[in-house]
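In the two complexes below, chain A is the common chain; its partner is chain B in one and chain C in the other.
Let's turn to the complex of A and B:
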């Protein structure tokens, strides 16, 4: 059984930012935990989000499906231009996860940061 | 067509079994001496393939999934068998990676990763029913890439 949990932190940068600290592996079994928790935070008013992936060991395409859905929930304007997300940033994916991010072309839309403060200040 | 021989790691199809298949690939790959970067790709590919069997093949119904990984010269061959309904990869739309996320339909990423991260991915009916996916990753050992 895959173990996965999320810790939620609120940070204040130029805008309030919700940081989801993801811990464990994200596969098709645990992906709904991420997607549902993020949707819950967005429903409660979150407008800007960082997914802290420092403690994610593995993420398959199910995790990217969740990130895709979270981005679309945050991007209320449904931008159709090829622009980077102003609302969702990724922090510290390991090299294997980052390879999949690039293989699936998500790096064209989502900034990847390796410093928490930089990620928060990037909004 | 001959059925692939050798010991298979077998589990009942479920999303809960995914981590056990990943562990099997990790352990077997390390025993075989597979290059760590290649092994990470194969862990992902097998996770995607078994996920497809669970979600689209069996559609939540029970059934077995079997995986075997072995060395063939400088290559690694992974076979994944199930007894689910016939799978036609031609029916799966390719992910539209050139579109903005807001316009991109969900899905298709698993099959795309399977094909991108292997040198060969052959889907075929298994003798006696079900499906067999045969994956080859060439030059999979340190010093052979």
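Let's turn to the complex of A and C:
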């Protein structure tokens, strides 16, 4: 059983941003924890979110499904154009996770930042 | 006394015995969420529920819910073994507690009571036998349904691979469970002599992945065979100068399939990685789109290896995702191997992965037929895995150009 936890931080950039600090592996077992927590924050008013992945060792396809679902919740316009998410950014995935992000093509839709301030200011 | 009368377990007892028991009972009131008896502990008391409800459970698994007039704790009282399950109140509850010694004292003076208890225990046993039978029938029914699903899904894989002069083609498919998310397809594009080759891996496993596998496979096959295209993408692709008809088919098929699933099934967040190629058997030219899939390997006849890296993202998530086609010229003696991550991510007991590197380092590939190559890899993966279970579906496609 993998352990997985989430720390929530609120930051103020040009807009208020919720930072979810993810700790542990994201697989089919832990993915609902991430998805439910993000949905809860969005229901409570979060409009912009950063997923801090500094402490994520592994992310499987279930994690990508969660990221897609979270972006769907944040992006209420569901515009048809091909564009990067204005509401969800990824911070500091390790090189293994980043490689998978690029292989699956998620980098075309989500900005990947390696500096927290830069991620916050990007909204 | 009334409560004991109302209790099915004790109902058959003579009135004098019930009276004797009633005098020896203690009334307990218990709040919700309290464990009255705990699995594995010794116990000398049984309980009749006068009011409220309890849950009989083994850890998280609920075995039964009991209410007014029902009894629990009697097994440990009768056979003096430890408690077989935990019983927790789910509401405020009022219970009658009866000690083993009190029960046996009362039975000693009213031997007729033994017959009533024996009867009650046997009634319960008959109930259990009936439950086990019902559940076994349910499990068998589910297994039968799953087997039907497995057979129907097998029908979504090609019955036979197409043939082309000077080429050998082979495939393999091993599901980790009854139904799978992997798929492969190979078929001739009518009138052109070209072969379409598809290998895909739907995220997740089991029934959900299997349902989406049938959708992905069908859309890709239908769109490429019948040329249907989402009208919104004509403008995107019409202007791509120099694109061959094969590349148009590849791109249009994936753009259409992606848009359909990303919009129609947006809330499912289901996706597939897909390698989709169109081969011209006469020239050895392979046009392809690699949509987020493990890079297929070309084993060149001269010993070099080439990997066909991604040219687009996974299919099914982002409606407006663009796809780009690339091509490679296969030479006589070359072997192409496409595989799903059940191969390179197969794990041994220590948690190490088989890895793509092991595929790139395979020796004597050039001496093998495609079928021999796939059997060789399957053997290697099984040997590597050892006792560890197969955690993901495995599919592979291999083709070899024998030369003109």
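Going forward, the second predicted complex is superposed on the first by the 123 of 123 C-alpha atoms of A that agree within 3 Å, B and C clash if a C-alpha of one lies under 4 Å from a C-alpha of the other, contacts with A are read in each partner's own complex, and residues count from 1 in each chain.
Simple rule for what comes next: contacts are C-beta pairs under 8 Å (C-beta built on N, C-alpha and C of every residue); 3 or more make two chains touch, one makes a residue touch a chain.
Given the structure is predicted, the values throughout are model-derived calculations rather than measurements.
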item: Clash or fit (per the criteria above) of chain B with chain C on chain A; value: clash
item: Partner chain in contact with A:96 - chain B first, chain C second, else both or neither; value: first
item: Which partner, chain B or chain C, touches more chain A residues; value: B
item: Chain B versus chain C as contact partner of A:109, first or second or both or neither; value: both
item: Partner chain(s) touched by A:75 [first = chain B, second = chain C, both, neither]; value: first
item: Which superposed partner A:29 touches (first chain B, second chain C, both, neither); value: first
item: Partner chain in contact with A:65 - chain B first, chain C second, else both or neither; value: both
item: Candidates 23-31, 41-49, 131-139 or 311-319 of chain C: the single one with C-alpha clashes against chain B; value: 311-319
item: Overlapping contact positions on chain A, where the chain C interface meets the chain B interface; value: 28, 61-62, 64-65, 68-69, 72, 78, 80-83, 103-106, 109
item: Residue ranges of chain B in contact with chain A within the complex; value: 15-16, 18-19, 22, 40, 43-44, 47-48, 51, 54-55, 95, 97-98, 100-104, 106-107, 109-110, 112-113, 116-117
item: Residues on chain C engaged by chain A in the complex (per definition of touch); value: 203-205, 266-267, 269-271, 273, 291-292, 310, 312-314, 317-322
item: Chain C contact footprint on chain A (complex, rising order); value: 28, 61-62, 64-66, 68-69, 72, 78, 80-83, 102-106, 108-109
item: Touching residues (chain side chain A, partner chain B) in the complex; value: 1-2, 25, 27-29, 58, 60-62, 64-65, 68-69, 71-72, 75, 78-83, 85, 96, 99-100, 103-106, 109
